[in-house]
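The first chain written gets the first letter, and so on, giving A, B, C and D; residue counts start at 1 in each chain.
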Amino acid sequence: MNRLKNRIFTITVWTVALCVILFVFALLLLILERGFPSLTWDFLFGLPSEIEEGGGIGPALFNSFYMLFLSMVIAVPLGIAAGIYLAEFAPDNAWIAMVRICVEGLASVPSIIFGLFGIALFVEMFQLGLTILGGAASLAFLNLPVITRVTEEAIRAVPREWRHASFALGATHLQTIRRVLLPASMSAIITGLSLASGRAFGESAVIILTAGVTTSGVMWDFNLLSPGETLAVHLWYVQSEAIVPDAQQISQKSAAVLLFIVLAFNVVFRIPAWVRDFRIRKAA
Amino acid sequence: MQALIEIERLNLFYGSFHALKNISMDIPEKAITAFIGPSGCGKSTLLRSLNRMNDMIPGTSTHGSIKIAGADIYGKDIDVEALRKNVGMVFQQPNPFPKSIYDNVAYGPRLHGITSRHKLDEIVESSLRGAALWNEVKDHLKRSALSLSGGQQQRLCIARALAVEPDVLLMDEATSALDPISTLKIEELAQELKAKYTIVMVTHNMHQAARVSNQTVFFLNGEVVEYAETEKLFSNPQDQRTEDYISGRFG
Amino acid sequence: MKKWIKSLGIVTMAVAFAAAGVSEAGAASSLSGKIVVNGSSALLPLTLQAASEFKKLNPKVKISASAAGSVTGPQSVRKGIADIGACDWDASTDVPGFKKFEGQVANPVAVIPFAAVVNKNVKVESLTNKQLADIFSGKITNWKDVGGSDADIVVVNRAFGSGTRVNFQMKALNGTEFMSKGDNYKEVKSSGDMKTAVDTTPNAIGYLDLVYVTGSIKALKINDVAPTEENVINGKYKVWGYGYYMTKGEPTGATKAFIEYVQSAKFQNGSLKKLKFIPLSAMKK
Amino acid sequence: MSESTSASNRTLAVSGQPGNGIRIGNGRMLDRKNRLRIYNRSFRIVCVASAVFVCLILLSILFFMFRTGILTFRSVPASTFFFSTNWDPENESYGAFLFIFGTVALTALTLAISVPISLFVAVFLSEAAPRWLSNALRPVLDLLVGIPSVVYGFLGLTILIPLLRDITGRQLTDGLLAAAIVLSIMVLPTISRISDDAISAVPAKFKDASYALGATRFQTVFRVMLPSARSGILYGIILGMARAIGETMAVVMVVGNTPQLADSLFKPTSVLTSNIVMQIPNVPFDSTWNYALYLMGFLLLVISLLMIVVIRVLQKKGVKA
């Protein structure tokens, strides 16, 4: 009886998992296959067109990276420092527990709310108009809760013995955090960051509202006050409003490019952790 | 022998729990003092008071005084980091950092401002020699410390503690997670180290206390029941409870 | 008020000179400023195209455009967060569902024809205004009642506030209220979604700007008049509207120059036509 | 090494004096000590300030939503808003119950589909599959998280809905089921990867103990691994749930966006997020309608907070039991 159950269980696990995996691969292949074969450099770096076929995504692609970079510059230090506070310094009381739950809850607020908040703050209050700066800051707000929670969880997961060992050697709190806790939790934090950047990269609602659907129309525009359409927004625009005859192809190609970049994030962010794991395993 | 650590009327509470009750004792320098007693008797708590690791447990309050080399370590102007540097500690579970062997030993000196590669190399070698580990690891200092065996890891932790040149070494059941051979090695090591360091060890294992220590303190329910030369305490205990404990009637 | 007001004349000239040129006229312009356009997403392609041409002529002018829905346009203008509010109806007058915006000026920029569209499996070719109104208000629910095969009608509607919806309701349905519930009724967010939904759902009916009617989707005749540019211009096809740029009072400065550029013959007969909108001048005859 | 502890010269360097081993110039040692202390102090201040700043931003978002949303009640009684299913703002009817119901039902349905599958995948990755295979598959699953939701929605609209139509024979298959399937695919990587990490982190000794007692793999997984990893799995489910509650762009494309109570899996309906996204760009700024949409945003937050609290409580009880 037990053996039968076990058999059935093993078979189910394999079947379900293999189905899911096949499905996932099919999905990824579908997206890549629809867009990849026709990708060209002209498309990647060219200027978009409203009338003719063959418009590119250059400025949008650039804005995607630029805005992601800016939002991370804002959100990462703040989020990590706040996460450290919650994990290391915060008193254990009801207030902090509430803050924690709120932070977690904000992760499930639809991103459009962050967009509306961004409008209220940057467009109405500071009168900036639709800018890269406003978009990046709103994106940063969107990612703050995630980064804060991920950092807190990661630091809490560091075995207590290591902290004790460090303190027992006369380390200050800062030294312990910097030399033991952060290195030990780095791989989890980086996983979190790569998830957050993937989300920021694919986010459209926030940016439509705060950075607009235009680019400044030239490549390599670093001006913080330029309008900042990103690739995901361009994908949305092309799919929902554009009139160009090749809208379908542009949206498929953009989706493939987005996916490919997120893939690259995942790989690049993880290389350090992989290298370290590999070293440890080799040594063991 | 000169007393290095003087404890006077020490009372410690975890919240409302009275963990240490009115403890007074002198611990001599360059000798091994063993704390024995059943679980929860307060022996580890007292040990952790000696380098103020109890500070890290919220809700702990300490009354009375502990003087080390004449300085009241719970006094107002105490630099806790400097205290912990001078009072090293080895824990029950070997707890090397997930870094290389070298970086583990060099961790402490680096904390305290040593950056010269040459100097660090020297400290790492002498500390590892001091912990009787040098010959086993000298060819692969760059390996992860987690790849060492449990006994080796514990000696690495001792080396790490020695690297900041403490006066006192606290060992909190440092062999309880190890196999007999590794335990023996650590015990031998402790015997060598007492020439230079004042060692205070907590142990569950009465035989270990009998084998290794010069003085033994028997704790029960947060109180010191008996404090004597090890030989005397085990051969001729003055208190009935001590006798019951060492003859294995409880604990 | 500001320096660039004086240079308006020069700008108009520059626009005129730029008829064939690309950027040599750009250097001549000293117009500067910032224009924020918000509002209708249907007018967005037009705005984007005009903005990129205008920026070539006036490199010092920054134009940022975004789009949410038509009503966002005049609202943003009222709040002062946009200089131009693109809107698919004249927001300075009352329309079904929306009160007029006081003090705003409607600057027409394009003629937009709308078409009722159906999935390619629908056999019906033409509907009357009455039939359309009955279908979209939920009174007629089967294609056989309007001469098609026996199948339930799937109604796809744009969300409230869409300019296309307002225009279609006023001009094709004679102001009849839309249905809002039912097993075979859904709403979509944008023209692109509308097109995909009607294209992939058998027996579906919806409506679109004529521009988006391409591929396998089928545009219906209304009262036996086909929705073509020609029929709009000659007045036979009634379902069309102006696209407007709303401004707070009469436009000034860079904003004025930009609107003038969009209304200029060069843009109207060039890019605007290529975008498949109908030039304003065609209707004024 | 520690000659300074000899009887004649016994000091313990605990108040800033140089340590007796590491000898650096007296002054420099003091400087360093002070510098460390200042660093330590200022780092703490930086952390506290960041936390305060993060809280401020988050609180102002909460406040912003709450302040705007609460204005709804100036013209709509709370009982109507929460319990009426009649949402017809053009005619001044603001009953949001159908959206609340839709969100809760959609989330429950999504979890019902995705949790079992995710757990199977997690068990597969952590227990059943050969190591090389899991190592290759994990990043692939992570990748799914990064696909923009617009793309999921588009695939749902063009592939899933026609498929459902063929299966059911209905005209219109937009609705809760279609949305739940799309969402399940979207949350699957989150739940399965976090559960996978949690199961992998269960100490090997538990597993060994179970096998040593003659348990089969089935018994070990269900009686030892899953219970030990429960807290991590719950965390994964919370995250997945948060995503399911808050997802908009994908849901909007397949749910139908019709303000009617979903009494069947295939009835076009609307949930809080999709209704907000559909309508907020198009309503006048200072209208009850606009306020009601903000209130729905706030409600969304409250619902997810409640769910988080409930799960936290369950989790604590589970640990105690």
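The rule is simple: a residue touches a chain if its C-beta (ideal position, glycine included) is under 8 Å from a C-beta of that chain, and two chains touch if they have at least 3 such contacts.
Note that this is a predicted model, so its numbers are computed, not measured.
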item: Minimal step count in the chain contact network, chain B to chain C; value: 2
item: Co-neighbours of chain D and chain B - touch as defined; value: A
item: Chain at maximum distance from chain A, centres defined as averaged CA atoms; value: B
item: Chain pair whose interface holds the most contacting C-beta pairs; value: A-D
item: Length of the line joining the C-alpha centres of chain C and chain D, rounded to whole Å; value: 40
item: Between chain C and chain A, distance of the C-alpha-averaged centres to the nearest whole Å; value: 35
item: Distance from the mean Cα position of chain D to that of chain A, given in whole angstrom; value: 14
item: Whole-Å gap separating chain A and chain B, where each centre is the average of the chain's CA atoms; value: 46
item: Where chain C touches two or more other chains, by residue; value: 68, 79, 189, 193
item: Set of chain B residues in contact with two or more other chains; value: 81-83, 85-86, 112, 164
item: Two or more partner chains touched - positions in chain D; value: 36, 154, 277
item: Chain C to chain A touching residues, read off their complex; value: 34, 36, 38, 41-42, 44-46, 48-49, 51-52, 55, 62-68, 79, 81, 189-193, 211-212, 214, 271, 274-276
item: Chain C - residues contacting chain D, complex; value: 68-72, 75, 79, 97-99, 151-152, 154, 159-162, 180-189, 193, 196-197, 200-203
item: Partner chain C, residues of chain A touching it in the complex; value: 47-48, 50-51, 119, 123-124, 127, 129-131, 208-209, 211-214, 216-217, 225-227, 237-245, 247
item: Chain D residues touching chain C - in the complex, by the definition given at the top; value: 88-90, 154, 157-158, 161-162, 165, 171-172, 174, 252-253, 256-260, 266-268, 277-279, 281-285
item: Of chain B, residues touching chain A in the complex; value: 51, 53, 56, 58, 81-86, 88-89, 91, 93, 95-99, 107-108, 110-112, 140, 143-144, 146-147, 157, 160-161, 164
